[in-house]
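Chains: A, B, C and D, in written order; residue numbering restarts at 1 for each.
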Amino acid sequence: MGELKKVDFEYSQLNSERMRLNVGPQHPSTHGVLRLEVELDGEIVTEVVPHIGYLHRCFEKHCENMTYPQVIPYVDRMDYICSMNNELPYVMGVEKMLGIEVPEKVEYIRVIFSELNRIANHQIAIATFGLDAGAFTPFLYLFRDREFILTIFEKASGGRLLYNYFWVGGLAHDVHPTFKEDIRWIVKRVKETNKEIADLLLYNKIFIERTANVGILPADVAINYGCSGPVARGSGLPFDLRKDAPYSIYDRFDFNVVTGRGEVGTVGDCWDRNIVRFHEIEESCRIIEQALEQMPDEGDVREKLPKKIRPPQGEIYSKAENPKGELGFYIVSNGKDKPERVKGRGTSFVNLSVLPEISKGYLFADLIMILGSIDIVLGEVDR
Amino acid sequence: MIEQEIYNKLKEHFGDAIVELKEAPPSDPFIQVNPERLQDICLYLRDEGDMLFDYLSNLSGMDLAENLGVVYHLYSMKYKHTIVLKVTVSKENPNVPSVERIWRTADWHEREAYDLFGVIFEGHHNLIRILNPYDWEGYPLRKDYKTPEEYHGIKVPY
Amino acid sequence: MGLLNKLDDPYYGGGIILGTLEDVLNWGRSKSDWYLQFGLACCAIEFMAVNASHFDFMRFGCIPRTSPRQADFMIVSGTVTMKMAERIKTLYEQMAEPRYVISMGSCANCGGPYWEHGYHVLKGVDRVIPVDVYVPGCPPRPEALEEGMIKLQKMINEQAIFNKRKRLREAEEKEKSVSDVVLSQN
Amino acid sequence: MGQHIITLYDWLAKLSNSDLIAVIVVAVLPLIFLVVYALVAILGELKISAFIQERLGPMRTGPWGIIQPVAEVVKLLQKEDITPEPANKTLFNLAPFLMFTAAYAGFAVIPFSSHFVPAGINLGLFYIFAIGSLAVIGIVMGGWASNNKYSLLGALRSVSQIVSYEIPAAIVILTVVVLANSMNLQVINEKQSGWFWNWFVFGGPGSAWKILVIPFTVVMMLLYLVASLAETNRTPFDIPEGESELVAGYHTEYSGMKFAMFFFAEYANMFIVAALVTILFFGGWNSPFGSFMSGPFWGVFWFIIKSFFFVFVQIWLRWTLPRLRVDQLMGVSWKFMVPIAFVCFFAVGIWVMFM
């Protein structure tokens, strides 16, 4: 044995190599074709760079080349999970520019379908969030229920996913005769499944461990990043355009704005963002029930309009509360039958931009959960 | 607070930098602003006690034939009022000060406006293309844009 | 399968042993199809619905795999953009033979509603990878995708494994002679 | 052991007058069993998941889809076998064989019946534990040699997970050894003969005073079940191949038959774990009702029924629970399971000392 070698190092000298990992565009939990460039120190995320645009379908270019009613199908394809909600701000904007009011019955049907689609969207959001956590079974339970909602949409509009149902000045068709019974039945069904999901997934100990105190988004950061919808409300910010800037007939209904309260962790963590969606399903059910009671049975579903819709010169920013947050359309008209410019303010686009901010310092597995809790749809991010 | 009051207050503070207020219902009223002092104006709008426009709803580029425009839709979480700012720059020299430091959400919005219209935001920390590939040529949403024949050996037109 | 090919030669095409073997191999390929789990756009939501309880894609023996190495076929569900085209190609190349492609929805077939002004949309995924089955619709109903799956299984069941080149050549010649006859008749 | 049991091996050797035939038969029987079991388990996984999720599962391959796994094997056999260019080819190709060999070697000491155990060695428990650890090396080899970041992350997670969960598992096994006073799996089985209250999960054979030790043995059984779930990388501990994070974990780059080997190894490990739970705590091949339906052939029946029940439990858990995060996983092992296992060890030790 030789003499003992003196070992002289400090902890700070033990450098480890950082690893750059490409997550996506094909990855099971990027919810589409998002690509994240992640820098990992061991398993700890030190930097996230989102690369988007893998689904850039030139929505705004198409709008400039289509007439006003022809834009609606493209609007559908922006956020393809909740098409009805997408159509609403667009047609409201065009109607406002034209200066027309739609019949009472149309407003009610629009609200009912928007809220129904909100339920369907939140069900997908909770389902895929559970899937990210590894719970496959709740995913299928929620999809089972969503299928019944889609059946109602199909009866009304003929489409399962993309509807083209809200038209400028009214609706494409009147609703089917059994509309009210169908919706009452589905509302009951949704409430039952909600209970099941709460037991199976949301209050599961492992699920709480995974999501509580992860990806905390403070309210002021949420405002500065322009977050809206459940992402902002999860941070305790009661920002809901249905209450703050009432459009359509939302001021006639009694419902609560659900905010995150930090029930199991900190206000603004992943669990809060998810539970806001869960409770919003219940609030939507309340709105639908009230709307069904108030809705007039008789009435026209189409306002008389000229064959070619030519809004006067001007511009408008029409916004509505999408399930994912504030969806706005900035429509510029030049007096012709095709819009000069339509800019869609993609909710997911803005919400996703907060991801690098809130995912630093968490584990790689948490990054997936944070991304799932933001609930993005790439069609809207990339348009 | 209605638009006229906001306009008066801005005019009082910034003088010539505020060009005009346009109101023509049913269109949204907007305030035309000079690009030079945009950052100061935005900071003032965000922090002034009775305005508090802390939420940038939307930022969109515009192609106005000869010029390029940038439109800002602001919203106040506290007072729940809105205002629209508009900036116009020439196509030859499309420089607009970046408001990324004021509202972080403007980061991606500005990158998008750069990507699609070619508006250059001065002071933006990372002004690269966001939707189109990084080696894409041209600014697709300009009215005179022509679809390329080929991209990386793949035929683009139908 | 050099040895098998040699064996097969005298009993070309329908040798009893190898014909049956071919049937068995094709049966295995067609009944157990693992698909690559990825979605592109709107069609991916319908695709998820196909996986779910109502339509249950697993009835056909289709099990999702997340790694392209273990997948047998992929479903291009949605709009393919220029940025994505090269990734799709890479994914296809990473898959192990035998591999198949289902193009789901109008966008993947031909560009769909984005065919005219979509400067960034690939007008049909068959410009970058070979496609076996096209499913039309925007988005296709789940039933349509299931029909496409049955079509794919039928196609796999009828494909040649042994003497592939020879049989392909013969089929080509046969087609050519038929077209010649048609031409001469005209 | 007192009396000499005539095993299948002895019987065959006597019948054929050749050791070689007996050795081959005894070695091949577990392999056949393994293959048949894996097919049944894969079908079970598909069908049970379908049942839980209100679906039908595979329906088009044979009646009710019961030969679906056969079709899968036929397909996997003819898939292209890809070795990625940047991979370390030797290790990459060796890893699945090592995994499968380790799983298959574990079957050597599993007592299927009182008269049939492929190799009745005295240190059976020790052997099975040592062989089980070999799987770690297979995983690391596969994950590292793939030259894929996801594979590497999956392999590293897997190693840390398996190594940490081996400690509570080992302590629990040690406790059973203390109770049974032997490491021979056959002897452990013999000790639990009689009615089901003689099983070790109910404290083993003894007087009514064993009610004092039953809480500890039940906790030990649960501990072992959880630890073994982690060792076989099943949900809620499937983070090494958690498909929502690491595409497919350490076998991301494997295709065709090599992937099938990983697949088989996973199912084989599930069975070994289930078999060990059965042997250590639920009486192995013993009938639960004393001498009713007991004997060498009924032994096989009881053993397989009990083991399949625990395989079913693993599948059931997989389709019910979300998965844990990697640091929480370690926390569960080191903060809860190891201390509880030690407490149980001491309690059982004291009980054995005084009774």
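Going forward, a residue touches a chain if its C-beta (ideal position, glycine included) is under 8 Å from a C-beta of that chain, and two chains touch if they have at least 3 such contacts.
Given the structure is predicted, the values throughout are model-derived calculations rather than measurements.
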item: Touching both chain B and chain D (chains); value: A, C
item: Whole-Å gap separating chain A and chain C, where each centre is the average of the chain's CA atoms; value: 33
item: Distance between chain centroids, defined by C-alpha means - chain B, chain C (Å); value: 47
item: Centre-to-centre distance between chain B and chain A (centres being mean Cα positions), rounded to whole Å; value: 25
item: Separation of chain C from chain D, taking each centre as the mean of its C-alpha atoms, in whole Å; value: 39
item: Where chain A touches two or more other chains, by residue; value: 27-28, 53, 56, 58, 61, 140-141, 144
item: Chain D, residues touching no fewer than two other chains; value: 53-55, 243, 247
item: Contacts with two or more other chains, residues of chain B listed in rising order; value: 131-133, 140
item: Chain-to-chain touches, reported pairwise for every pair that qualifies; value: A-B, A-C, A-D, B-C, C-D
item: Complex contact set, residues of chain C against chain A; value: 36-42, 44-46, 48-49, 52-54, 66, 68, 78-79, 81, 83-84, 87, 91, 113-114, 116-121, 138-139, 141
item: Residues on chain D engaged by chain C in the complex (per definition of touch); value: 46, 50, 53-61, 65, 68, 70-82, 243, 247-248, 251-256, 259
item: Chain A contact footprint on chain B (complex, rising order); value: 24, 26-28, 30, 54-58, 60, 62-63, 71, 73, 77, 80, 82, 84, 103-105, 107-109, 112, 116, 129-133, 140-141
item: Of all residues in chain C, those that touch chain D in their complex; value: 24-25, 27-29, 31-32, 53, 56, 58-61, 63, 65-67, 69-70, 72, 96-98
item: Of chain B, residues touching chain C in the complex; value: 131-133, 140, 145, 147-148, 151-152, 154-158
